[in-house]
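Next up: the structures, one after another.
In the two assemblies presented below, chain A is common to both, partnered first by chain B and then by chain C.
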Partner chain A sequence: MKPSRILSTSLFAFAVLAGSSGARAEVSPLDLVGPIADYKIYVSENLEKLVADTRQFTDAVKAGDLDKAKSLFGSTRMSYEAIEPIAELFSDLDASIDSRADDHEKAEKDPGFTGFHRIEYGLFAENSTKDLAPFADKLMADVTDLNKRITDLTLPPEKVVGGAAVLMEEVAATKISGEEDRYSHTDLWDFKANFDGSRKIFDLVRPLIEKDEGDFITKVSANFDKVDETLGKYKTAEGYELYDKLSEDDRAVLAAAVNTLAEDLSTLRGKLGLN
Partner chain B sequence: MAKDGDNFATTRRKVLFGAGGLLATAQLPAAHAVEIGREQVTDAPVSDKTQQRQPFHGLHQPGIVTPRPAAGMVAAFHVLAKSPTEVERLFRLLTERIAFLMQGGAPPQLDDKLPPADSGLLGPDIPPDNLTMTVSLGASFFEQRSWLAAHRPVQLSRMAASPNDALDADLCHGDLLLQISSNTPDTNIHALRDILKNLPDLMVLRWKQEGSVPVLPPKPDGSHETARNFLGFRDGTANPDANDKALMDRIVWVTAESGEPQWAVAGSYQVVRIIRNFVERWDRTPLGEQERIIGRRKASGAPFGGKVEADLPDYAGDPEGTITPLDAHIRLANKRSKGSDANLILRRPFNYSNGVSKSGQLEQGLLFICYQADLEKGFITVQRQLDGEPLEEYIKPIGGGFFYALPGARDERDFLGRTLLEAAGHQMAGTRT
Partner chain C sequence: MQQQPPSPAPSSKLLRLAVAGAALLVVAGGVAFYLASAKLAGQSAGNAILVTIKDGACTPNDITVPAGRSTFKIVNESDRALEWEILDGVMVVEERENIVPGFSQTMEAKLRAGDYEITCGLLSSPRGSLHVTPSAESDAEAARPSVSAFIGPLAELQVFLVTQVNTLAKASKALDEAVKAGDLDGARAAYQAARVPYKAIEPMADMFADLHNMIDPVADYLEKREADPAFTGFHRLEYGLFAQNSTDGLAPVADRLVADIATLKDRLRGLRIPPEQIAKGSARLMRMLGENRIASGHDHYSQTDLADFSANLDGVTRMMALLRPVAIEANAAAVADIEKTTAEMAGALAALRGSDGFPAYAAVAADDRQALAGKARAVGDSIGKLNAALGLE
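Take a look at the complex of A and B:
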């Protein structure tokens, strides 16, 4: 998505809010100011951590410290994954930071394949830090650029609220299968971050609909709890077990929870009167 | 499903619809006569359209301005024929098979100690069933034959990835592409199997994609509606009128004025794109947002500010996009300005459904096919205008390619690709010039 689109949709959303034509007139645009401001802080904190973690990670790659680089891969991505709906607003950076081999016609050999997964491919599939320094430098520069661009960005409310569902859509469409971190198999770290990022948004706007949408809130919370419980079984001292350890049954439990959360959270914008 | 009952089903079809069928009915034993009135579980569904026939010979190939039937397929091949003589054999054989299949009829009966001449899946008397087969060539066909390199259509290139594409090399490009369309998927499959059986030494299959178009009941006033895609929206409303010959000569067909090699006149640039739709996510998107992304009302197909599908959006009177958003799909694709007339293309897409992704989601979307006289002004420009559109969140092009649909075979003595071989200086016996 191009930044120009963000601007136009954000203006549009505000216009609609001001006209109070939403299905739920009881939520006023002013009510959202607090949650959006809080979310902006959450995003900033994650970006700060992303920049610091990426620095450590890319330094290890460039120093040729294979074991350290490998051990930092899963955790470094978490602050990116938690705020993915916002990070993805800049499609050029999203492609260079987080694209996967199958986004490119020549797959791993494609010159357009850069970022986290290109480095992951080197570290885990080729078991080497050889020739990865340029990718490390590029990733560090992109992450720094992302931080700057988002700091300057006014977050469109419908993008923030919609982000809760978008995170679930991402997991449902391309992550639940273990395709995301196919060389390192650190997918469960990503899952955890995606769910946390989604739940954060839900929790921030929850007070606005608590009164009228009690059943909805109970159901969504229960599904988030189920996910936490399931992922909790795979917690280790450093983070999470590898994806191959995820049992077939637990994978189905997660898939059903993700689909249900995606269905339910897709109504969140409408419940808040957002376009 | 009906495979077990093929023979029986064919008999019934003839009984019900064939010209000789009524006679056969009279001769049937009583037990069969009873069955005719009472449908059985494995009876073939019936159609009164199996004898629909499209002409094969003509200035242009069929399947381009031919109204799109319910079932479509594209099949891409790697071509082994390298020398002019081999390529001539390829073109002649393709022409012969296509002419036969589009006409229909009985394949030769062989000794039963031999494999049969035909797969038999449509029975011993092959119905035309509205079949068209359209042959087009990819850039690699010319590049890999030095004697043809100078004769490549000027704009024919290997399709490059657009920013939102995630192209799968196993679903892209090809030396030769067959577009097959007819009333039923079975007729298309039959045609493909005929080609594979008859040209095994000349080309090998690389990838294929089948698709369909939802069928609607006829309208009382005889008018037609545009079909819907898997996003649930009408797709093709603004397509140029394929009955307008002058318009087709301008938009679709390469002419002597197009700046293309003379042999290519009466052909057309063909673009194929396999565009996956993330339908689960789309179905979870608010209706209002779906409509703003496309630029039309979902139920009626009407543009914003209009009442019916045929109404035209007024962009000139809506420069800020307050009625139709500036980044709506239909507005980016066709600006409806004076200059944008040059970018018109003729779309002929099908919906496809392939099974389940690794993540357990539906693998389905649009088998996009379009034709144009000028590839750069047509698809390439339109796609560039669409790059970055909001719809990209819900779609992912994964395959396809650019091809050049050959001029038609004029008559029984002509064959597809003749003008290209002549242009390359290949001497042939027994053809019209």
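Take a look at the complex of A and C:
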């Protein structure tokens, strides 16, 4: 569905109204220290898992075990997707770990196309592990480097709090279409991780605004619950169903929830005095 | 107590229509919302800097703005969706994703003085330049950073304290187990391992006077010295393990240490540290070392004082590193002074270290102790000036 300019204008007016009610709660900057610290620990735990999972995944690729490599692709990405607002702060690693073919001039044939989606292309589109070993080594090295860099990084508070909305905006703008994991169709795994990552941020700062923003919290929580419930229908023993199994109705439910979440969560920074 | 204002009930037909309309807007609004919210910033901010992207190039390709808030309007005249980023080295400062062909998005960025790059389409497209020149407003803000500027460093400090106190808790349990197993060598090694994280967080841990007096009292300051019932914690264990060469009777002491460290862990987790406390605590500890502790020593039985001083310095150095990004903007000379004095004390400690680690403290000559004490005082003095340099006192 293509957005029309008229629709965009009416939503713009709506966004103005929604935005103007944001800045009344008084939150002391020092109240944010605990949540940001807890989020750093959450990020570190995810990175630890990412490094371990990527090792298993890339080992399978290099061993030529196509079935095993395919089965590990969706789950390996989850700890990356959960912390994407921080992981994508390093532009070089974001490009080498998670760029899509469209980001490159020659698409799938571009020598600069590396990382998860290049390996995904090999495994699921070409149905082979042939010639993937150098990409596997590169991905492992990049993920290890990412872990080290983020460990040393002082997280910018506005990127952490803003990350809750960023995750939802990315799902709305460039993922709900199924274009992210276009060869493997494991998009629902990514969604789940994106939602969990967004909700983690929301849950961490929630006590700071609980008193003044009860309605906001109820609304956001209800939308997160709706997403969880919808995704829950597609849970399998190993993870999630392929994206083409998602019914049109459920897709509409997800799209509505994700847009509302993106819109609501974009006011978090303002509510917490971080604009 | 809040009261809802009374509102007339809308007709159910109207309500249904409104709900249906709202739902339609929400469902249809995917990309549209994103574009709309991105436009919002620009409309309110006024004078946006227009950047047009076409054929893998930005026009203009070399932009200069004053430090502070700037608004950019990015027009995508290429034939594919693109993202636009402002980069500081490899770090993304701000970005807008999914700018659809034929559309524009507006983005606000708060930039510090310096040279940045902008992306212009595909990953392989040559980047443009963005120069941010100093402004009076941004200079003043950097010189007197707001409390918000310390959220990041304080959060990292919290992570550091939690990590160290977890290591400490684990090490103290290992010490307890070795003591109870009557394993003298194991207990001695575990004792050393537990000291390191404790000393690293001492500038913060010693704020809790009650715990500090139970975890780390020195016999010298107690009325009946080693026989005093208040002689507990690390040094009581050290006395048993290294002076009496035995684990006998130490089990209750080790149990109590484990419990006290668990309490310390709970308190550190919920601790609300004001920004000025970092330099204050660090300076106080280093001055204490310089004025007294290095001369007299605290580890009379194990003679491991140098390892303690080294761990103290490591902790203080880490805490200063956390403040560095904020402090360097406010007062580069103060930061340079701290880095010089800490490096000098680290050098003095390294010079005393032999191939098997630090020597027994009794073997460290009075001159060397005096020199080391001078370095510690210099560290304390340089850090002692930091809060004033940051506008925190």
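Convention: the second predicted complex is superposed on the first by the 250 of 275 C-alpha atoms of A that agree within 3 Å, B and C clash if a C-alpha of one lies under 4 Å from a C-alpha of the other, contacts with A are read in each partner's own complex, and residues count from 1 in each chain.
The rule is simple: contacts are C-beta pairs under 8 Å (C-beta built on N, C-alpha and C of every residue); 3 or more make two chains touch, one makes a residue touch a chain.
Everything numeric in this text was worked out from a predicted model, so none of it was measured.
Participant: Where does A:Thr154 make contact in the superposed view: on chain B (first), on chain C (second), on both, or on neither?
Facilitator: It touches chain C, and chain B stays clear.
Participant: Touch check for A:Glu169: first (chain B), second (chain C), both, or neither?
Facilitator: Once the two structures are laid over each other on A, A:Glu169 reaches both partners.
Participant: Taking the superposition as given, does A:Asp94 touch the first partner, chain B, the second, chain C, both, or neither?
Facilitator: second
Participant: Touch check for A:Lys40: first (chain B), second (chain C), both, or neither?
Facilitator: second
Participant: Give the label of whichever partner, chain B or chain C, reaches more residues of chain A.
Facilitator: Answer, by number of touched residues of chain A: C.
Participant: Looking at the overlay, does A:Pro134 come into contact with chain B only (first), chain C only (second), both, or neither?
Facilitator: neither
Participant: Quick one: is A:Leu30 in contact with chain B, with chain C, with both, or with neither? Answer first, second, both or neither.
Facilitator: Second partner only, chain C.
Participant: Is A:Gly64 touching the first partner chain B, the second partner chain C, both, or neither of them?
Facilitator: neither
Participant: In the superposed arrangement, does A:Gly270 touch chain B (first), chain C (second), both or neither?
Facilitator: first
Participant: With the two structures laid over each other on chain A, which partner does A:Asp102 touch: chain B (first), chain C (second), both, or neither?
Facilitator: It touches chain B and chain C both.
Participant: Of all the chain A residues, which ones make contact with chain B and with chain C?
Facilitator: Common interface on chain A, chain B vs chain C: 1, 4, 8-9, 12, 91, 95, 102-105, 169, 172-174, 176, 255, 259, 262-263, 266.
Participant: Touching residues of chain C toward chain A in the complex: what are they?
Facilitator: 23, 25-37, 39-40, 80-81, 85, 87, 90-92, 97-98, 119, 122-124, 146-148, 150-156, 158-159, 162, 270, 272-274, 322, 325
Participant: Applying the document's contact rule, which stretches of chain A touch chain C when the two form their complex?
Facilitator: Touch residues, chain A against chain C: 1, 3-4, 7-12, 14-16, 19, 28-30, 32-34, 36-37, 39-41, 44, 88-95, 99, 102-105, 110, 112, 154-157, 169-170, 172-174, 176, 252, 255-256, 259-260, 262-263, 266, 273-274.
Participant: What residues of chain A sit close enough to touch chain B in their complex?
Facilitator: It comes out as residues 1-2, 4-5, 8-9, 12, 91, 95, 102-107, 165, 169, 172-177, 179, 255, 259, 262-263, 266, 269-270, 275.
Participant: Can you check the complex and tell me which residues of chain B touch chain A?
Facilitator: So the residues of chain B in touch with chain A come to 161, 163, 165-169, 172, 278, 280-281, 284-286, 288-289, 321, 325-327, 357-361, 388, 390, 392-393.
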